[in-house]
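Here's the structure we're looking at; comments come further down.
All chains are identified by letter, namely A, B, C and D, in their written order; residue positions are counted from 1 within each chain.
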Amino acid sequence: MDKTTSLSQAIGTHLHNGDTVALEGFGHLVPVAAAHEIIRQKFTGLTLARMSCDVIVDQLLGADCLQGLISSFVANSSAGSLYELRRRVEHSDPEPLWFDEYSHGGMVARYQAGASKLPFQPIASYRGSDLAIKNPRIKSVTDPFGGPPIHVVPALNPDLTIVHAQRADREGNVQAWGMLGIQTEAAFAGRRLIVTVEEIVDESIIRSDPNRTIIPAHIVDAVVAVPRGAHPHSVQGYYDRDDEFSRDWSTLARDAEAVRDWLQTNIHDTADHAEFLALLGDDHFDRLSIKDAFSTPVNYGGRG
Amino acid sequence: MDKTTSLSQAIGTHLHNGDTVALEGFGHLVPVAAAHEIIRQKFTGLTLARMSCDVIVDQLLGADCLQGLISSFVANSSAGSLYELRRRVEHSDPEPLWFDEYSHGGMVARYQAGASKLPFQPIASYRGSDLAIKNPRIKSVTDPFGGPPIHVVPALNPDLTIVHAQRADREGNVQAWGMLGIQTEAAFAGRRLIVTVEEIVDESIIRSDPNRTIIPAHIVDAVVAVPRGAHPHSVQGYYDRDDEFSRDWSTLARDAEAVRDWLQTNIHDTADHAEFLALLGDDHFDRLSIKDAFSTPVNYGGRG
Amino acid sequence: MNIGTDITSSELLTIHSARALAGRRVVFAGHGLPTLAIALAQHTVAPEIEIVYESGVTGARPPDLPRSISDSVLVPGAASVMPMTHLFNYVLQGQRVDVGFLGAAQVDRYGSLNSTLIGDDWEHPESRLPGSGGAIEAMAGAAEVFLVMRRHTPRTFVETLDFVTSPSPRQAAQAEVGSMPAGAGVTHVITDLGIMTRSARDEELTLTAVHPGIDPAEVVRQTGWDLKVAADLESTRPPTPEELSLLRETLDPSRVYLR
Amino acid sequence: MNIGTDITSSELLTIHSARALAGRRVVFAGHGLPTLAIALAQHTVAPEIEIVYESGVTGARPPDLPRSISDSVLVPGAASVMPMTHLFNYVLQGQRVDVGFLGAAQVDRYGSLNSTLIGDDWEHPESRLPGSGGAIEAMAGAAEVFLVMRRHTPRTFVETLDFVTSPSPRQAAQAEVGSMPAGAGVTHVITDLGIMTRSARDEELTLTAVHPGIDPAEVVRQTGWDLKVAADLESTRPPTPEELSLLRETLDPSRVYLR
């Protein structure tokens, strides 16, 4: 079944106001273009699940798409603070943000339980942490094998998961390499799943290396070609991270009005990701170019 | 650190009588040569952990290496019964076998908990199964999130895990492709870890494709080159399965005396795996040859 | 040729198993005949089926019929090979499978299955069988389970299983602990005599079709419980020459499964 | 040149952090200076170190200093890239790490860390910090934790943390629920003033060395609790020209971390 579609169509079909949506990608393969399309379509009341926050969290907050956040790291990586997020958390400005906080290990466990249709997942690291005291969703169970009680975190099953990858075939078999984050688990945990990719490739390429597939087609609802869809994050083998963009954001976002202006110009006034990229300028990706380094082929040969 | 050694040295150093040893590999990449070396060195009182049994389980039983078995499938795949195993289980002949039985899902969960240093792992599939009633190690915990009580299986932490793979570098970064079974989890769950491989390759080959690494060097104690170390099972890209061998075993093993004779000739009277293979004959692997099918290289390029 | 007389029981089972897959998409293939049945379904009633194997392989297009679920012939050209953790946790327990296709040594009237032992003592069985493998997980996680049984006899269709390996939803509901199965349990049983179906949790398997020439009374006699027979009992449509030719000439010419 | 006067605080911290890694093998690198310190250690006291990053990369040999733990420059030529489930479950929780190398906003006398907030209300903090990331897991799973703190002040070395993100083993022992941490917690704290160490669970951080020219009384004043000073307090050995040259010319020539 051909599941390719446009980003606008995919988001419009599979996302609804009030949904919990997971956008995963750990500093690499981040579904930025998809986040922008969510802003463009003016969704509201969403709860975002995202382990490690970044510019898109500030942008979704600035666009008033989010009422809640489920996360374990709320800075802009090494680039500084996320000021929209801080205004919401520190001053309820312009309104409070429901923040369901874990550690990375806790988020990994929540996605795993969600993907596995288990009610919860045990985790060994929370004894003595104020996080386990403050967050009422971190609970404990007794150990029937005689050890001390152990903490458990609840399953996370987003209404929609969106991930970005290097490539997929038209059916939605998705391949990615480099740092993989929690994308496979987030994908299986989601009730619906959209995958954006740098390129749609012929299935013969996917099928020449089946161990490279991180998400099998049968759980994918829509697959969308969105070249440069992870900028300002990197895509291994395609383009480098744009640290300047991320640093500039942390400066710009100190001013709420500047965030509004940026969103108007860059998202609302552009029709799609291609127009967004055009604003960056034709040569913007020149300095983000990468040096090729190809894998040694392996032999999948069998009887035949 | 160079961790390459001989199979005899690796087994002699890292295995002890009475240990629990995991030999994993799901009809592919099975550490057969390592099992034979355990027989050759006449270990006793071992408990074997192995999800899906096969000829090596019958051989280890026939050689009186095992007092216990932890498993979830005790037939010789599609080739028939394992008669040494059946004699032990059905008739305590020549002596009883402690059999700790699960489903495949339960074994997966046990290895995961072991690898994760959790006391147990929840599992959703055991309600109403006699297995959960008969096996006292399948227990339950209450669900603090309001659902029904859920079954849990205990962590499995073998004293020694042995797996077989296509290739590794001398430090022990292990790469495998094709069907991967539970090898990564068994490796992390083990207190010690031996890896046998079809070939030791230069680290530049491993490092050209880091996502292909299924076991990182820092958990490996010994790495041993054992070409054709998985026969009669297949190794993707190297050789096909030897179904005739497996079928013949299920015939031969109906007679306990024949098993003893086979072990004497093929294991005890051979110095190592190379001598074992020599008994099969020079042209034995000709009919197990495979047709090449190489993966399309991917670009790992980054800044730099 | 008179296809009515030289059809083997294996062929009959495979063809009716394949037909039952019409409209299904994600199918989990257990050991044996199911693999062949799914291949036939892909060539006939259900081209969109994605087979998922216990070994983690999805979307396989093997040049040869695989000799087992872990045959490496499944891998070249497959769409994905998942780690076993993903297959068991995310696909089976994760309730991503539409049909789990299983075999068993014994089945009871609500579709509980025994693939563990014959006898009355788990520790010292008369006859030790393979055990669960992934059958327990397929039963608990798949939306429905199809069962193929080579021989329909009172020893295989029993009132009380010697061991409940994979419980029916009804059996699971009677237990006190654990998560309820996600699906309906066994909905189709295909045997050498006919086809039984059920759907609701407390519904028994009902004989809904017999193969041509089979007396329903004989099926009842060969069943270890008082088998219900549907009022509108049908006769199964005989294998077509196309189905037989696909099976014999294209899918299993060396008769790996068609013994 | 007079290396004593033009050494920056970052250089000093990095060099002493690197030295503390002598003899260690598997090291987990948090955000920031730890990455640079480990690189220096690999070039000097601990060539066998295998760095493990939160992003799943092991055995990285980046041509450039990575700008963060998720910089894709870490990947080409690395020994492995693990899925995040393996990194968090099998490596960190699996107790495979010898040293977790962390930073924090606040530390207390037993080595509990705060990287979550400043203020007294989790829901409405005065200042919201990044949060745990993987710090809680590194603290709980690593055999020991090294802490590097850029500024040693009474606001960062406090009697009571505003929020206990990553608890010391002593703090964990006082809780009633959960698994005890596997390791010793924070064993080394490297700051711009000196070095504190501890080992046993109920042992406080003790000032064991000060940098040349630093008065130990000043360190005590800059600490928010009554800091113990070792009877045999040492003066740290100044950075060597080799260490400085490696740092400045080879490892971080563009001063990503050496600000």
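Here, a residue touches a chain if its C-beta (ideal position, glycine included) is under 8 Å from a C-beta of that chain, and two chains touch if they have at least 3 such contacts.
Note that the structure is predicted; figures quoted are calculated from it, not measured.
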item: Winner on C-beta contact pairs when A-D is weighed against A-C; value: A-D
item: Chain centre separation in whole Å, for chain D relative to chain A (CA means); value: 28
item: Centre-of-Cα separation between chain C and chain A, whole angstrom; value: 39
item: Mean-CA-position distance for chain B and chain A (Å); value: 36
item: Distance between the centres, which are taken as Cα means, of chain D and chain C, whole angstrom; value: 57
item: Sites on chain B at which at least two other chains make contact; value: 112, 116-119, 123-124, 140, 147, 150, 177-178, 180, 184-185, 208, 211, 234, 236, 240, 293, 300-304
item: Shared-contact residues (touching 2 or more other chains) in chain C; value: 57, 72-73, 75-77, 81, 89, 93, 141, 179
item: All chain pairs that touch each other; value: A-B, A-C, A-D, B-C, B-D
item: Residues of chain C defined as touching chain A within the complex; value: 25-26, 48, 50, 52, 57-59, 61, 63-64, 72-73, 75-82, 86, 89-91, 93-96, 141, 179, 182
item: In the complex with chain C, residue positions of chain A that touch it; value: 1, 112, 115-119, 169, 171, 173, 184-185, 188, 203, 206-208, 210-211, 213, 216-219, 300-304
item: In the complex with chain A, residue positions of chain B that touch it; value: 116-124, 139-145, 147, 150, 152, 154, 166, 175, 177-178, 180, 205, 208-209, 211-212, 234, 236-238, 240, 290-304
item: Touching residues (chain side chain B, partner chain C) in the complex; value: 26-28, 52, 71-75, 77-78, 85-86, 89-90, 92, 99, 101-106, 108-109, 112, 123-132, 134, 140, 147-151, 177-182, 184-185, 234-236, 240-241, 243, 293
item: Residue numbers on chain D that touch chain A, as the complex places them; value: 31-32, 54-57, 67-77, 81, 83-85, 88-89, 92-93, 112, 116, 122-137, 139-141, 163-168, 171-181
